[in-house]
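So that you can tell them apart, the chains are marked A, B, C and D in the order they are listed, and the count of residues begins at 1 in each.
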Amino acid sequence: MPETIIEKIEVKRLQILYENGNVDESLMPDLSDNDLKKMFELFILARQFDQRALKLHAEGRLGTYASILGQEASQIGSAYTLEKSDRVFPSFREMGVYITLGYPIWMLFQYWTGDERGMRTPDDLNIFPVSVPVGTHTPHAVGAAFAAKIKGHKTATAAYFGDGGSSKGDFHEGLNIAGVYKLPVIFICQNNQWAISLPREKQTAAKTIAQKAFGYGFEGIQVDGNDIFAVYKATKDALAKARAGSGPTLIECFTYRMADHTTADDASRYRSKEDVEKWKARDPLLRLKLYMERKGLWTQQYEDEVKKRVTDFVDSEIKKHEAAAMPEQKDILNFTYKELTQRQKKELETL
Amino acid sequence: MPETIIEKIEVKRLQILYENGNVDESLMPDLSDNDLKKMFELFILARQFDQRALKLHAEGRLGTYASILGQEASQIGSAYTLEKSDRVFPSFREMGVYITLGYPIWMLFQYWTGDERGMRTPDDLNIFPVSVPVGTHTPHAVGAAFAAKIKGHKTATAAYFGDGGSSKGDFHEGLNIAGVYKLPVIFICQNNQWAISLPREKQTAAKTIAQKAFGYGFEGIQVDGNDIFAVYKATKDALAKARAGSGPTLIECFTYRMADHTTADDASRYRSKEDVEKWKARDPLLRLKLYMERKGLWTQQYEDEVKKRVTDFVDSEIKKHEAAAMPEQKDILNFTYKELTQRQKKELETL
Amino acid sequence: MARINMVQAINLALRQEMEKDRDVVLIGEDVGRDGGVFRITEGLVEKFPDRIFDTPLAESGIAGVAVGMAAYGLKPVAEIQFMGFIYACVEQIFSHASRIRSRSRGRYTCPLVIRTPYGLGIKPPELHSESTEALFCHMPGIKVVVPSSPYNAKGLLISAIRDPDPVVFLEPTRLYRLIKEEVPETEYAIPLEKARIVQEGKDITVIAWGSMLHRVLESIEGFDAEVIDLMTLSPYDEETILNSVKKTGRVVIVHEATRNCGFGAELSAFIAEEAMLHLKSPIVRVTGLDAVIPMARLEDYYAPAKEKIVKALKKVMEY
Amino acid sequence: MARINMVQAINLALRQEMEKDRDVVLIGEDVGRDGGVFRITEGLVEKFPDRIFDTPLAESGIAGVAVGMAAYGLKPVAEIQFMGFIYACVEQIFSHASRIRSRSRGRYTCPLVIRTPYGLGIKPPELHSESTEALFCHMPGIKVVVPSSPYNAKGLLISAIRDPDPVVFLEPTRLYRLIKEEVPETEYAIPLEKARIVQEGKDITVIAWGSMLHRVLESIEGFDAEVIDLMTLSPYDEETILNSVKKTGRVVIVHEATRNCGFGAELSAFIAEEAMLHLKSPIVRVTGLDAVIPMARLEDYYAPAKEKIVKALKKVMEY
């Protein structure tokens, strides 16, 4: 057997909810009407948050902001499966994840105003602060999963990152270590086809991001990232596997960044309108609505009610945020170490 | 098609020369008798060099040294296919590669004595100095391949590294970039089953190192690293592919580190004698000899002659090395920048 | 000659060097079609389609690939999108770029430029405001350059590209579009390792670089200050500094970076060693706080404000 | 109480902290069965098989995983095999470990220790002799500790492990087996941010740390020198230093690292700022050369030799 095949790998893609609102019943996860409505309402809330953040930015009331438009199914569908005790390590474009986990909305506005206090996660949540250096937080999720395993906790951890994040060395080192120690961690890649101006094909020559997992000895799967049920199912399965001690999973959510990279970007410089148009038909909310309508769970009136409620809520959160006191100068020093250093004590007096 | 297979990957293993000296004729590369004898003589030279280096170390005449025992087929077989104009980026355990490419033996001794002058590659060779930080030189090979492509040269580049090196972030970043730009580079991993005390199974959960290439969109192949013909053929094919503009290849040479990690290591602390014994039967030189004997190219007398010649040669190279002048203190400063800085000029006077 | 800002001046330098020398190539994230997040490379990929390369998101890879290109004989200019992301390249810069000449005893060299936007001033997200130039100054084999105006940005970048050794070129984001200046169309090189006396004076030597130079210039009214723009931080121009200090006898050093082990420490130590007898007052460093750089809302309180500089100037005068 | 060397003292500290606190875990390359390349962790995996983890060859991964462990509530002690390989972790240390407290306003912290052998002395291959402590001192949010003896290695490491913030713990390889000392079996902590007066004196304050401390002690014969072992470099003990300088009026700082932007610069600048009037002579730094660290054959000419230290002592006395 001179030239033998010693390993065979198959990369799967999962899809449940189609653009026309049909679902594949054989794969459809068990979701109550209540779950569906919650998901829908989270969708409206996430979009409302996103639009308002963009508006506040335009008015000079918020800093640089990264829109999640188009990626809500990937974020809500996956975060919906997480327990509050699970450790979540987001990148910077995961406001839908924060919102699904119940993070205070006003604090998210606070954060995007350039205020660290917005990232002081409430005690009952275990979501980590935004990681700005792309891809570098994947090892943190691995370390937390390692800690949970050492302590014998049933906690799982999740790292969120983009297609760009998959190119960083830390992605590689983190996933490889997770594979070796079979850690309870899931890696959720939102492949939104762009890393600022770099299209997915130039990010890596691999056909899928999912297949990178096999280089670390565990499974990767691609899901339609605009299909909230596929995302939900893949994440739920991966979490169950993690909790059962069967190791990590990489989930590639195949989706699209509908907006500019951030408010500092102008995507028209590098991508065509047609490209974006194509994806409008694949809107993740639209197909959820079609499905719910068929099930008698969606009416225009219901949507209007939800929208009104959510708008009022976000209004009040913005007020809450804008009414909060400015951060204090001394906090620049106060949070460097647990205790002030000899020098910091003197510096404090100069502020 | 709700759950579909979107990518299939097969990892191959190549073997041509068996332990009993038989070859698979259908795969046997075209090597003249002269080539075979050259390979054999390089084997003897590499082993002689290695033994003498260990001995010099034991006598306090050489610094820490990393033996190549057991890995000669991987090194000679691959380097034999390289042109002098190709750019080669070795790690620290590649003395067989240097030797095959015709690097002056006395300079290798000089280097291992802790003398940078030993790494001043002669002008007619294009082998890069030893890279000590494991795995970090893979991007250099990628960059050189990129440069060759930009300049329109037919030059290929080769990076050598170990199983341990495959875990470093730079391996990932380098290979990924090589895939995206389809660069003329080959990655030669000598999987010698150990990274100091870490066995291969704990280095990565992937079944093979070769399969990691598919995460970067190009092919990886495993070869029996103790089979000089398989190594030769895989490298030659990969080089042809590179020069044809068809992109990179990862070659995993499946071999074994027969000696301690370095002269500073004591492998008996972490691996069993039996493990090492098993691999003695797979000695890469033995099977080459059996093959050549059958072809009438090897006799004991021939081997004795070669050994004698090589021993004398290495003797004289050691003499040459030990007769060379000590390096000068001022060279510490002289090679930092092209020109001395204002401060260095003053420091020079204090030496 | 046209009045242009620093973004345009850097763009011009890149264009002219690329026209002149086919070995100059650019790599980095979004440097192609997008023209870079600050538009530094705008229009260049259209002119040099075969020599500008968008890379995957991989800073260590970018630096490492640039090292390989440089060793082959190209003169790569790599862009790191923000200085906060250069930490991923430290191994490539410190373990390779800086040592290849020494390691190979001159057979291989590393004529590489790593450009990166640096410093506070645009109220961006976390890690987009770093000013850790001192780290790179501590590594022999690397040169560190910080321009302070469109004019010197062009001339210094041209020198950096032509330099036979690796240069870390730090571009103060605050200055990118703040100042316009006459910049000659013709190419010109401003030598490295040479400081610039921005303004002569006889009472105090004030040393700064990059964006703090401008804050210094706003603060010296009423003082007879000699202002030095260091421009090249490593290796720095000992002679120009000493000559000035011997004349004035008083020194204030201003930088944005945190105080502890900032580049001001080196300058202060050096001057005190070499010119102690000339000093009429202790050397004062005016620096960023000993704290993690805050996000936008507190950003203005981190770096030295004008008042702090004025206070230091008064202090050395009244000593 | 037994006479043990630094390797044994560090091993003892690790063992005792692991016995006492189940949250202490070790990760790194070869730290398990092999006991680490310097045998620091010898015998520990046998005692704590579930808390010692050999990792793949991935320094940034090691640091990043340790950050995640620390954020979860463990107290990881990560080993980087040699300081020359810590450059790969700089992004994890500077962009994460040092900022997690600040970034989350105290909700998450990073009680992590990164241990690494450091400095010249064993004539190893390239990049095994780094002493770039100053880099880490320049980053707020990190503490930097350098022991100089078996006794203080144990006490400082215990404090580092118990510290609520990240500590880079640099172990001078030259000292690992050089000195034996009485080290109590009982656990004891030596507080961080406190320097140690090794020997009192009234003419010169000599400041050093790690292996250079011993070279200083060999060089002071005939001088009435007060020798300070800094031990914690960041944050450093300003008070002890100033008190000594106010007494002696002369300062010599000795370190092995390259001169430019070395930690000596910070000390010199600080002392001159705060105690200028007390100085009878310029502060002198005795340091490594401004050059890439050479390999074994030239290694001895890089770091300050005894003669250079003596010359500096004479210089400040004769000024």
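The criterion applied here is as follows: a residue touches a chain if its C-beta (ideal position, glycine included) is under 8 Å from a C-beta of that chain, and two chains touch if they have at least 3 such contacts.
Everything quoted here is computed from the prediction, not taken from an experiment.
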Comparison of B-D and A-D by number of C-beta pairs in contact, larger one: A-D
Length of the line joining the C-alpha centres of chain A and chain C, rounded to whole Å: 36
Cα-centroid distance, chain B relative to chain C, in whole angstrom: 40
Of all residues in chain D, the ones touching two or more other chains: 56, 58, 60-61, 84-85, 87-88, 91, 95, 102-103, 126-127, 140-141, 235, 260, 289-292
Contacts with two or more other chains, residues of chain A listed in rising order: 116, 132-133, 136, 167-170, 172-173, 176, 180, 202-204, 331, 335-336, 341, 343-344
Contact graph of the chains (line, ring, star, complete, other): complete
Chain C to chain B touching residues, read off their complex: 25, 50-51, 53, 55-56, 58, 60-61, 63-74, 76, 91-92, 95-96, 100-109, 140-141, 143, 164-165, 193, 235, 237-239
Partner chain D, residues of chain C touching it in the complex: 84-85, 87-88, 90-91, 94-95, 98-99, 102-103, 126-127, 132, 134-135, 137-141, 234-235, 257-258, 260-266, 268-270, 272-274, 276, 279, 281-285, 289-292
List of chain A residues in touch with chain C within their complex: 63-64, 92, 113-116, 130, 132-136, 164-165, 167-169, 195-198, 202-204, 264-265, 269-270, 326-327, 329, 331-333, 335-336, 341, 343-344, 347, 350-351
Footprint of chain C on chain B - complex, ascending: 87, 89, 116-117, 119-121, 123, 128-129, 131-133, 136-148, 150-151, 157, 169-170, 172-174, 176-177, 180-181, 331, 335-338, 341-344
Partner chain A, residues of chain B touching it in the complex: 1-16, 24, 26-27, 167-173, 176, 179-180, 182, 202-208, 211-212, 214-218, 222, 247
